[in-house]
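Going by the order they are written in, the chains are A, B, C, D, E and F; count residues from 1 in each one.
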Amino acid sequence: MFRHTQRMQFEAKPEQPDALYAKKLQELIGGAWGEMTVTMQYLFQGWNCRAPGKYKDMILDIGTEEMGHVEMLATMVARLLEGAPAETTAGMVDQDPVLAAVVGGMDPEHAIVGGGGPLPADSVGTPWNGKYIVSSGNLLADFRVNVAAESQGRLQTARLYNMTDDPGIKEMLKFNLARDTMHQLQWLAAIEQLQEDGLAGTIAPEALLDEENQQHSQTLWGLSDGTTADQGKWASGTAPDNQHQFHYLDQPEPLGDLASAPPPDPQLYATNTEDRGIAGKAKDKIKDTFKE
Amino acid sequence: MFRHTQRMQFEAKPEQPDALYAKKLQELIGGAWGEMTVTMQYLFQGWNCRAPGKYKDMILDIGTEEMGHVEMLATMVARLLEGAPAETTAGMVDQDPVLAAVVGGMDPEHAIVGGGGPLPADSVGTPWNGKYIVSSGNLLADFRVNVAAESQGRLQTARLYNMTDDPGIKEMLKFNLARDTMHQLQWLAAIEQLQEDGLAGTIAPEALLDEENQQHSQTLWGLSDGTTADQGKWASGTAPDNQHQFHYLDQPEPLGDLASAPPPDPQLYATNTEDRGIAGKAKDKIKDTFKE
Amino acid sequence: MFRHTQRMQFEAKPEQPDALYAKKLQELIGGAWGEMTVTMQYLFQGWNCRAPGKYKDMILDIGTEEMGHVEMLATMVARLLEGAPAETTAGMVDQDPVLAAVVGGMDPEHAIVGGGGPLPADSVGTPWNGKYIVSSGNLLADFRVNVAAESQGRLQTARLYNMTDDPGIKEMLKFNLARDTMHQLQWLAAIEQLQEDGLAGTIAPEALLDEENQQHSQTLWGLSDGTTADQGKWASGTAPDNQHQFHYLDQPEPLGDLASAPPPDPQLYATNTEDRGIAGKAKDKIKDTFKE
Amino acid sequence: MFRHTQRMQFEAKPEQPDALYAKKLQELIGGAWGEMTVTMQYLFQGWNCRAPGKYKDMILDIGTEEMGHVEMLATMVARLLEGAPAETTAGMVDQDPVLAAVVGGMDPEHAIVGGGGPLPADSVGTPWNGKYIVSSGNLLADFRVNVAAESQGRLQTARLYNMTDDPGIKEMLKFNLARDTMHQLQWLAAIEQLQEDGLAGTIAPEALLDEENQQHSQTLWGLSDGTTADQGKWASGTAPDNQHQFHYLDQPEPLGDLASAPPPDPQLYATNTEDRGIAGKAKDKIKDTFKE
Amino acid sequence: MFRHTQRMQFEAKPEQPDALYAKKLQELIGGAWGEMTVTMQYLFQGWNCRAPGKYKDMILDIGTEEMGHVEMLATMVARLLEGAPAETTAGMVDQDPVLAAVVGGMDPEHAIVGGGGPLPADSVGTPWNGKYIVSSGNLLADFRVNVAAESQGRLQTARLYNMTDDPGIKEMLKFNLARDTMHQLQWLAAIEQLQEDGLAGTIAPEALLDEENQQHSQTLWGLSDGTTADQGKWASGTAPDNQHQFHYLDQPEPLGDLASAPPPDPQLYATNTEDRGIAGKAKDKIKDTFKE
Amino acid sequence: MFRHTQRMQFEAKPEQPDALYAKKLQELIGGAWGEMTVTMQYLFQGWNCRAPGKYKDMILDIGTEEMGHVEMLATMVARLLEGAPAETTAGMVDQDPVLAAVVGGMDPEHAIVGGGGPLPADSVGTPWNGKYIVSSGNLLADFRVNVAAESQGRLQTARLYNMTDDPGIKEMLKFNLARDTMHQLQWLAAIEQLQEDGLAGTIAPEALLDEENQQHSQTLWGLSDGTTADQGKWASGTAPDNQHQFHYLDQPEPLGDLASAPPPDPQLYATNTEDRGIAGKAKDKIKDTFKE
């Protein structure tokens, strides 16, 4: 169960409205790597967690915090939209390139749909959706997605930080940047913890390593001309799990046979060169029908 | 530019058709973590790469290989659908629970839309879409997504490996499992390489670390009752970057003010308790209009 | 800011697993009218609320509660999936129609993607998305959506209640049904409160009623043959706002002119019968080019 | 079956083109609450209606009318796009902020995809989709959605009415506003009619009211600090059905047990702290394999 | 403007209910090539048509007819769902594989969301969306899509025709098949008409044929090994426009330069091997900050 | 299997950056009719092809080429985004309408998500998705979609060609236009080839022509008033298959019965006027419960 606190986790006060920036900031709310994503991802992972105790508790703590980040950003967007030019007409834009950029560039749904408030969508208006998140039950696989999410999230926040001079926005983003730093470190530490606790190795999942085709688990297939792909750590030497040895295969031949599909059920009417007899006859018959 | 080889990278021959399994296998083609995702993700990352040479080359090599994995899986699905019961009627199912499961469970679009062939969709029929991938230009952030993608991908492949007894399918999946192992290791090695080459640190991106609010980059906010979240490596001690020190904050107070939104443009007609006067008057006037 | 409580708002314990029912229950989690919808809708409405005090507080209270409903349902799904037949093969289904229904009917992503856990999707696997919700800033318009959401939600819950005999599931759904009843009443009361407080009338929004084309605000256009649509309260008598008078127009004539579109920019190459001269000449010239 | 009349229901002639406004107007065509939504929603509800006679007839009448609204708006958009600057170049914008706003702000798909014509999408380009509508078979639940749709629709129309000075557009919108007023009243009257005819009560659906957990159908859960949510009509007194009595629960304790998920099928490889033994052994074995 | 006729264009009466077939039939309602697609595609094309008279009139006639096809299919689905096993429990399935297939295979949303009625979605539950259609203003380009739509539509209808023995369903589908035949012929004739009227040639659009790089408008690039692609009419001889001459290029070399991307704005933090100096310094500084 | 060549198929060098044009060009990458569509459509058709030899080989050759077109366009977009104004502030726009158009109009995700690189999305930011393509197994039906795709694709390319003066962009688009011309001709030739080889006739698919309701395969239903739709080649004379004879039906009567839906399962709680007795009683009972 959840409870709400009326005060926000951190302050979210712009110095002045900026409808164009409000649109950009939507990326951090409802973008693929925005706060709705981490909220829902961590909560579903927490509910799906089969390792009770510190793991489950930690995951749910962060998920709960992220919900509060959606709140901060949503509030910031509402404040940036104060006085957004709902009724602007050509005459107003006439002498003012700044207003032209805003009028042309602001998200029209901020006014028409949201009434001056935030939307569960990204900076181009695509709505957030549930396929952005994953909760697999395998903590190593999931924590790696989480590290990635906090990395893309911090990267996008850093870019947005450079796109404004407003001290109030920058103040909030400094907090967000710091939390993203913390959460990157936290998920990296959680991976170390999984490995220390013997719950994961380097490969996710550890299962089937001895059943898989090991001839193919150590080779880089060089499939391009003029490539220097063999010059990295990924092409020779010992792999990060201290067990596999990387090899580079230059322009290797395919190992499989010709790609082909079997003749389908004739009632599906796929074009089939083997079927000439039947198809031809059918065709003739149809022609006859109409000629009569 | 690309070229095609008629033979597949590896063999894709089931021992016998299995329309129900074909549906499940769609997850590896068009699922959020399937082969279409890694193909497109690596190709867009390669085209967007500003570090020419080994990085760009390696990324494009793997992207090109993954395209061949889509081909293998697509071919496997077409073969699993051979003779799928397009025209099955109640009579045929009557005595046969196995057929009942297939008839109830197979993806109807495999017959109606695909004519016995594969679809660019996942195991519940959701079409693949471009928001599944990311290509940010920041290689650390992207390689972390790639590690995650290969981890979720290998996990799903392992689960599917256990869902069949068909030796032909299992043979192909053993190859896929091995390639996923290789690619996990490869992206992990690539992250090490980035760090060795001085192109990345532990935090993605490295930028703004000294500008962010450092008071908040080391603390875990404990926001749940009865939690043991403070017992992991993520709550105390030195963080994985050897620089930050983790702290646990038990039930911290919010730092921000009340969440609130400013009065909007009156022409957007948001309900506003401050506006009673105006709204009330408007209402009275309307009533008058109709009463006359 | 939010806080989390480890205990759930209500119990969520099925008597036994049922993978097929787990799939159906997804509708209440990630369906258009499921708990993710009401959670996000109420929270965004709360953050967007310009009427501070009791309205904003009440909206956020319900939104916070709904988040806990997602948690209950997510937990129930995970428990219903215990022992779901991940590795079932044809042999196992052979003698067992019940198992056949489950094997054919269960959501394959519950095993492959969720590892036995819930998904942010509905009963056919469509992911939840942000366009399901609205937060317009106009409380009358929004509360009406909320009444509708609790009505559709309770209706779907009632249907699902009849689809199981499991006492544990039924126990939880009895709680959910009751909460949906409460929330319907609550939003209906909130609409009454808005009207009592002079913040809304019968029409949403009240604005522009005197500017709109009043000749057309009271008439039902009868556009079908053999209709009895004129026999309801909506076709004659006083309207629910006690001001408009309903009239029925039988087979009215259109009031507008012919639908037509103006000649477009010639560089967009829309087919235009007026352009014969130009297009014809272009065509002749092209033919000449190739004939030489 | 349907028939078409060449004249439009009402006039749709702008005084002059305005590509930027054309983009905004898309919200009324293909937005979640636009005319495509009400068209499809009412038609599907009509086809799904099990109450033949006046209800079914009335629903289909309005659905048929709404189709004509799509036509009016589509025609208006085509006319607003006349001469939209398909070939505008930097030089042309150089001295003209108004043109800058248009060039930056117009929907690029209006030219590239629609050739100067309307799109089945909203003002940010998101395509209309079928999950926007509902047709549940339960008329009370559906009519409530319809009241909400006409409310959001009229609200958005009113906002768009304020965003233009063009008398031709305003003329058409005055008609649309009036029809939305009429339709709000019509669905409200239809709800009264359902109740008069004994087909519905206050709660949708009426079913299971005596089976649900009545202890929980009258209480508002206060889950936030500093709240004034107990000061509304929704927190005390008799509910709108004249049967339930509202109560306010201040900071109530959860009623359920700890949220937890059962151990999953081991072949799904969820991380499970109980499995240490097995997982650990597997890990040791794999290490041995590679060390040899 | 539109009008509605209470009788359907053709009969839609199944001999008996079949919930599994109802799910499959959804493909013809809300699939990418279903009746909602042709309805909306033709109506938008009609509204966007700049060639008034016979073209516009014919397009709108077919669009209006297709709306009636949605009605027929929607009604058929509702009738096929009569008595669908909403409350089926394990006990009922126990002895009955046919019921098992239905219970496992039916679309759960048909009961839970639609209350026994049709949905605006396809056979796997994906909602219809506006990107399925195109209305480009160029009639040749659009009529080609229309030919394709009627071809895919008739193909899917033919497949569904074979999937049932019910005489009532087959009777309706015989009508649908015939209409799809008619409409294929009609759009093919419309293309001939365009060409006769001098409004289109073989290439869509005719524009820019003399400006395009004509060296590349007649060659088939052979990019695969072992190919026999040079053996078709598309590889040699005169092209269907009687002007171009086909040529086959065997394993041609690329004509462009290396793919590469320029150094981006440094504030976007893309990884850039040229930036080592700056990035390295930043990194050193950050390390110092934390070491102090 | 696929291989990659580092050089691009054709050059892709703009003379100077243009962030606004980069956004428009996205339509050709990830739009419904863009290069991702033809790549995936042709590859899936090739893998699904049951006519081995020249057909399959040709299809896969074009699919492989199209992948290289995605590469060219993706590279062009990255180059057009060079120096895109990531950090632009109001001050910079102040005197410059051109910059205003760019700042307002550029795709914000190009900077925030793509870091100055291309996205798998269209010009309004909608992500590419798998429902854009079809691979039916029936080559006539599919080749018709392919003709349509190359027609819409060439049309959109021609429009974009007119929207720029940059010689570098125009040079690349001249190549693209030529390839689209070639591919239109190629698919038209492939249809001729199918017909010559006796694998297809005029109607797709040829099946069931003698079983369908032939009374309805030759008539145009005139469903609009004032129509001139009877004046085209589609309304009289011999149809393009030289077998059917077109007829025009003026204002025909419907052939079917009243649309209606049967009484549903009472446990689905659809409103049903026949159920008054039961529903009424239930209602009375509920009222009693609360009154006590």
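Everything that follows uses one rule, which is that a contact is a pair of C-beta atoms (placed from the backbone, for glycine too) under 8 Å apart; a residue touches a chain by one contact, two chains touch by 3 or more.
Composition by chain, UniProt nomenclature: A, B, C, D, E, F = Mn-containing catalase.
Just so it is clear, the model here is predicted, and its values are computed rather than measured.
Chains in contact with chain C and with chain E: which ones?
A, B, D, F
Where does the B-D interface recur among C-E, A-E or C-D, taking recurrence as more than half of the contact pairs being identical by residue number?
Residue-number overlap above half with B-D among C-E, A-E or C-D: A-E.
Between chain D and chain E, what is the separation of their C-alpha centroids in Å?
Here the centre of chain E sits 24 Å away from the centre of chain D.
Could you please state the distance in Å, as a whole number, between where the Cα atoms of chain A are centred and where those of chain B are centred?
About 6 Å, centre to centre.
Mind pulling the chain A residues that touch 2 or more other chains?
Counting only residues that touch two or more other chains, chain A contributes 1-9, 32-33, 47-48, 53, 55, 57, 60-61, 64-65, 68, 71, 75, 78, 86-87, 97, 100-101, 103-105, 111, 113, 115-117, 121, 124-127, 129, 131, 134, 136-138, 140, 155, 158-159, 162, 205, 207, 209, 223-224, 227, 244, 254, 256, 259-264, 267-270.
Which positions of chain E touch chain B when the two form their complex?
My answer: residues 20, 23-24, 27, 31-33, 97-98, 100-106, 122-126, 155-156, 159-160, 162-165, 223-227, 251, 254, 256, 259-264, 268-274, 276, 279-280, 282-283, 285-287, 289-291.
Which stretch or stretches of chain C touch chain B in the complex?
1-6, 47-53, 55, 86-90, 93-97, 99-101, 103-105, 107-109, 111-113, 115, 121, 124-127, 136-140, 194, 197-201, 205-207, 209-210, 214, 243-244
Where on chain F is chain E touching in the complex?
Residue positions touching the partner: 5-13, 32-33, 53-55, 57-58, 60-61, 64-65, 68, 71-72, 75, 78-79, 81-84, 86-87, 111, 115-117, 126, 129, 131-132, 134, 136, 138, 140-141, 144-145, 147-148, 151-152, 154-155, 158, 161, 174-175, 177-179, 181-182, 184-190, 192-193, 196, 202-205, 207-209, 211-224, 227-235, 239-241, 244, 246, 253-265, 267-270.
In their shared complex, at which residues does chain A touch chain E?
155, 158-159, 162, 267-269
Using the touch rule from the top, collect the residues of chain E that touch chain D in their complex.
Chain E reaches chain D through residues 1-9, 30, 36, 40, 43-44, 47-48, 57, 60-61, 63-65, 67-68, 70-71, 74-75, 78, 113-121, 127-131, 133-138.
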